[in-house]
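Contents: one structure, followed by commentary.
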Amino acid sequence: MEKVSKFLNKLTSSPYLLSVVLFVVFLLVWSALTQVPKFDASKYGEDDLMMMEMNGDIVRNEAGEYIMNAEKQGVPGPGPVMDKIVSEFQTPFAKTGTNDHGIGLLVSYTLKRFLSGFLLASVVAVFMGMLIGMSKTLLTALNPFIQVLKPVSPLAWMPLLLYTVKDPFMTSVLVVFMASLWPTMANTAFGVSNIKKDYMRVSEMVELGWFRRFFSVVLPAAAPAVFAGLRISFGSALVAVVPAEMLLGELGVGYLSWIEWNNLDISGVIFAIVVVGIVGFLLDYGLSKLAARFTYVEA
Amino acid sequence: MKNKKIMNDPYDHKTPLAKGHAHANASLDDAGEEFVANTATEFRQVAASSAKPCNHKGPCNCSSKVDAPAADSHEDRMGNLVEEAVVRAIFPNDLKRREFISRVGKTAAAGLIASVLPIGNMRSWAAEPVKASDIEKKDLSIGFIPITCATPIIMAEPMGFYAKHGLNAKVRRASGWAMVRDWGINKEVDAAHMLSPMPLSISLGAGSPEVPYLMPAVENINGQAITLANKHKGVKGPQDMKGFRFCVPFEYSMHNYLLRYYLAEGGIDPDKDVQIRVVPPPEMVANLKAGNVDGYLAPDPFNQRAVYEKCGFLFKLTKEIWPGHPCCAFAISQEFASTNPNTYKALFKSIVDATYYSSDAANRKEIAKAISPKNYLNQPVTVVEQVLTGKYLDGLGNIKNEPDRIDYDPMPWQSMAKWILSQMVRWGQIGPEVDFDAVAKKVYLEADCADMITDLGYKPKKESYDEFSIMGKPFTPKDPLGYAKSFSISRV
Amino acid sequence: MSYLAVDHVTKIYPSLEPDAKKGDEFVVFENINFTINKGEFVSMIGHSGCGKSTLLNIMAGFDQASSGGIILDGKETTKPGLDRMVVFQNFALMPWKTAYQNVELAVRQSHKEWSKAEVREWTMKYLQMMNLESAANRRPSMLSGGMRQRVGLARAFAAEPKILLLDEPFAQIDALTRGSIQEELLRMWESTNSTVFMVTHDVDEAILLSNRIAMMSSGPRAELAEMVEIDIPRPRVRAELIDDSRYMGIRNHIIKFLVSGKAMSGQDKSDKSSLLAV
């Protein structure tokens, strides 16, 4: 009993150790639930075996014996998924055909679309947000339009955009744009309108011109709110780019998950999900590091 | 750069004749006069409606059709020669010809002749094969949906048929029919794999902007099936399908029309007694597995895939409903074909060539291997093989052998177009005032395909296709509207 | 000639009472009238809510008088400006700027024609005067309350304003630190010959620092009850002040006033003739 409690203590003392343990436990459970059953060929006649092989239920392994087809077991276990990950990462920049590019290339296409839309939206949203935050009249005037447009799902814009813009790259960029606009705009407006009165008083007191005041006081003061908005928008944008790719048939990670789904290749779908998750995590990490440079603690 | 005439322009009625030309009478006789008086307007109408693009390269101002040719290429000069010979053969008497032409006008005269004799065809197809240097656009992008219907379009890339005819064509995979349609309309791709009703619907502006489209060749005939969920193993016919939820890949598809036809023949109203939803084919299998739908009429390999996934069985092959029905097609915009005639011809050749190769049963296994990988269909090889070879598991525990489960025949018979149009009218997708003959003729290039087949040295699989029956009821190509109205279950 | 004159300033707000009718008014204070001479250190003392901070805001230009005005060096002022630098109770430092940058902002604005080097030199001088050299590159969140207010003071003085307005500057600083900062303030004031107006709660502080103390009665309708002259000679050392009889006398006088709300002379606050310097 004491040994157990000592062990548990050690475990919970380091959070990273705990993460590792949780992950290992998850893998074990997953593995156990997706065991490929053993196949006993002797139970079946020749014809049955032939039919099963035709239907892909059984395949031959290297020794020439029949085994259950691991790829047909419904949700795949960690083994097949790992194999998939390894094989995809072996040729990340290959182009085996117009429709089959390596995962490295796909990620770069998706990123290109995503970053273009996100950056464009961020610039517009920060600018608009600043204007709205500084002028109550403008806020009241624009508010009805914002409230109507905000809840529309970015994917709902896609058909209209495709019809007018026609070019699939610009369409996907604009879908990402529509997704990342609102949180940043709202947060920027909030940040600007909620700047502490004292800062504005100080800037009046030292007779700052409006230009200096904007860049020296308003922008830095609102920066934490702006970045908070950016991080939320970021999530929305990533969520929007994946289905946009699926619907537009443009090569990318979203497209990959669709095409793997097309083949009911669940390992492939899981792989695509994992890739999206990792890419999103890395980008968000980068963004948070950037945000940290502009945040300040209220004195 | 001046046009050097090989012979005199047969339509020229003003240049004085050289000495020695035969002319008995300088004017038309009574019969001729009457002919001209009664039918002059008709000639002009015919000329106006024969919508063959002129063969001028690049933008031009000719009001329609066969105009004075700009004879600056070998093909054009050959064509001129042919046309000239034909016209002179019709009007051996120079003066009579000239009088006739001066009375009715050159355009009408040319139009009349063109409506009787396919001079346009003779002009372009009689010329020599396309030289690689004449191809306007070698790098092509062709859209496709990853289904076995598009086999000739798809396999032409890995198996070298495009390259053989001087093209560097890449096939680009779309995720749905609307996407292919939009790619075609927005010129994201130069040509596309489409459902055989789509070039008709796009040309009519039904469900999309109106863009004139051509269908030079059919891709596959047969190759679909009605797949039902395993729990419906006891179903015998349409009468057992009341309340079912079905899927089809697109509204303007043979799948939709065949399913509706089949249900209607069994007394089931497809709009009232069952639900038919448009769903992308891969999702149909997933939905069947989840129990959200009762069945679907889909392109392969998604019927066989349902058997592979053990969630459905093949209830009926569509070849049992209408043997030899067209399914998918090779489509190209009229604009592309007219601005890039040599490319168009080379592409047309590659497709017909690939189609005949696919049709041969000996090649099916090889083709299945070539089109299964991730770049094309992305399906397990065994599934594609079962579809293409016709030796397959039907999901009820039997191994079936139907070698023409799917077959490939490029001929786009106009009677097929008329049937499709009649069904579009029947179900209210287009109005009954559509001009069946004109649209069918304009879009389904029956004659061009026939020429291409012989040009490549193959034999057409059928001599003609004016009569066919679907589930025992014959189709009347001469009266498609009446046919559409003749059904007890119909929206017109 | 007065340097700064508070000329019959009245401040009225629309009433916030729950049963107030439209047009009902709340008079914060009325007819505040006094002057400050150049080089003086004047404090104002009064209850919370008597409006002394409001008065300071009006003097600073952050707020407008309902009637009357502020005249500085012969000119009326209505907007904030570098000629009236404020030291705020909650420091009002820009948290994204370092201590140095906060001060430099004021220096740059008030001496627009200076070169970078001159600005730097001047800024460092004032930081040193307030013992902030080591903290120059730290952001306010890394500084203690006392340090932050030192920065506030450095900022205000470095701009060489005509008058410094201090709004309860040490209210949020602990008692021990307060003592040293008060001394630094005195040193700064003396060495720069500035004019200072300070609002405060702290009687001892006011007596220690000021030449005169203005006593505001409590609101509503607060008024300047009395102006007390502090004739204790400088330098005033805190430790020794307690022994000074004048100190205790003044202190008691003021405290009694604060407690009773009346001026020492026994008149209640409705008697306007109590507007006298003692």
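Per-chain residue numbering starts at 1, and chain names A, B and C are given in the order in which the chains are listed.
The rule is short, and it goes like this: a residue touches a chain if its C-beta (ideal position, glycine included) is under 8 Å from a C-beta of that chain, and two chains touch if they have at least 3 such contacts.
Just so we're clear, the structure is a prediction, and the values are computed from it rather than from any experiment.
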Using only Cα atoms to place each chain's centre, name the chain farthest from chain A. C
Need the central chain here, defined by C-alpha centroid distance to the all-chain C-alpha centroid. A
Centre distance in Å when chain A and chain C are each reduced to the mean of their C-alpha atoms: 55
Calculate how many whole Å lie between the centre of chain B and the centre of chain C, each centre taken as the average of the chain's C-alpha atoms. 91
Per the centroid of Cα atoms for each chain, what is the distance between chain A and chain B, given in Å? 43
Touching two or more other chains - residue numbers and ranges from chain C: none
Could you list, by residue number, the parts of chain B that touch chain A in their complex? 141, 146, 170-176, 179, 182-183, 186, 188, 282, 285-286, 305, 307-310, 373-376, 378-380, 382-383, 386, 392-393, 397, 399
Where on chain A is chain C touching in the complex? 198-199, 201-202, 204-208, 216-217, 220-221, 223, 294, 296-299
As the complex stands, chain C meets chain A at residues 60-62, 79-82, 84-86, 88, 90-97, 105-106, 109-110, 139-141, 143, 148, 159
Quick check on the complex: what are the chain A residues that touch chain B? 51, 54-56, 72, 96-100, 162, 166-168, 246-249, 255, 258-265
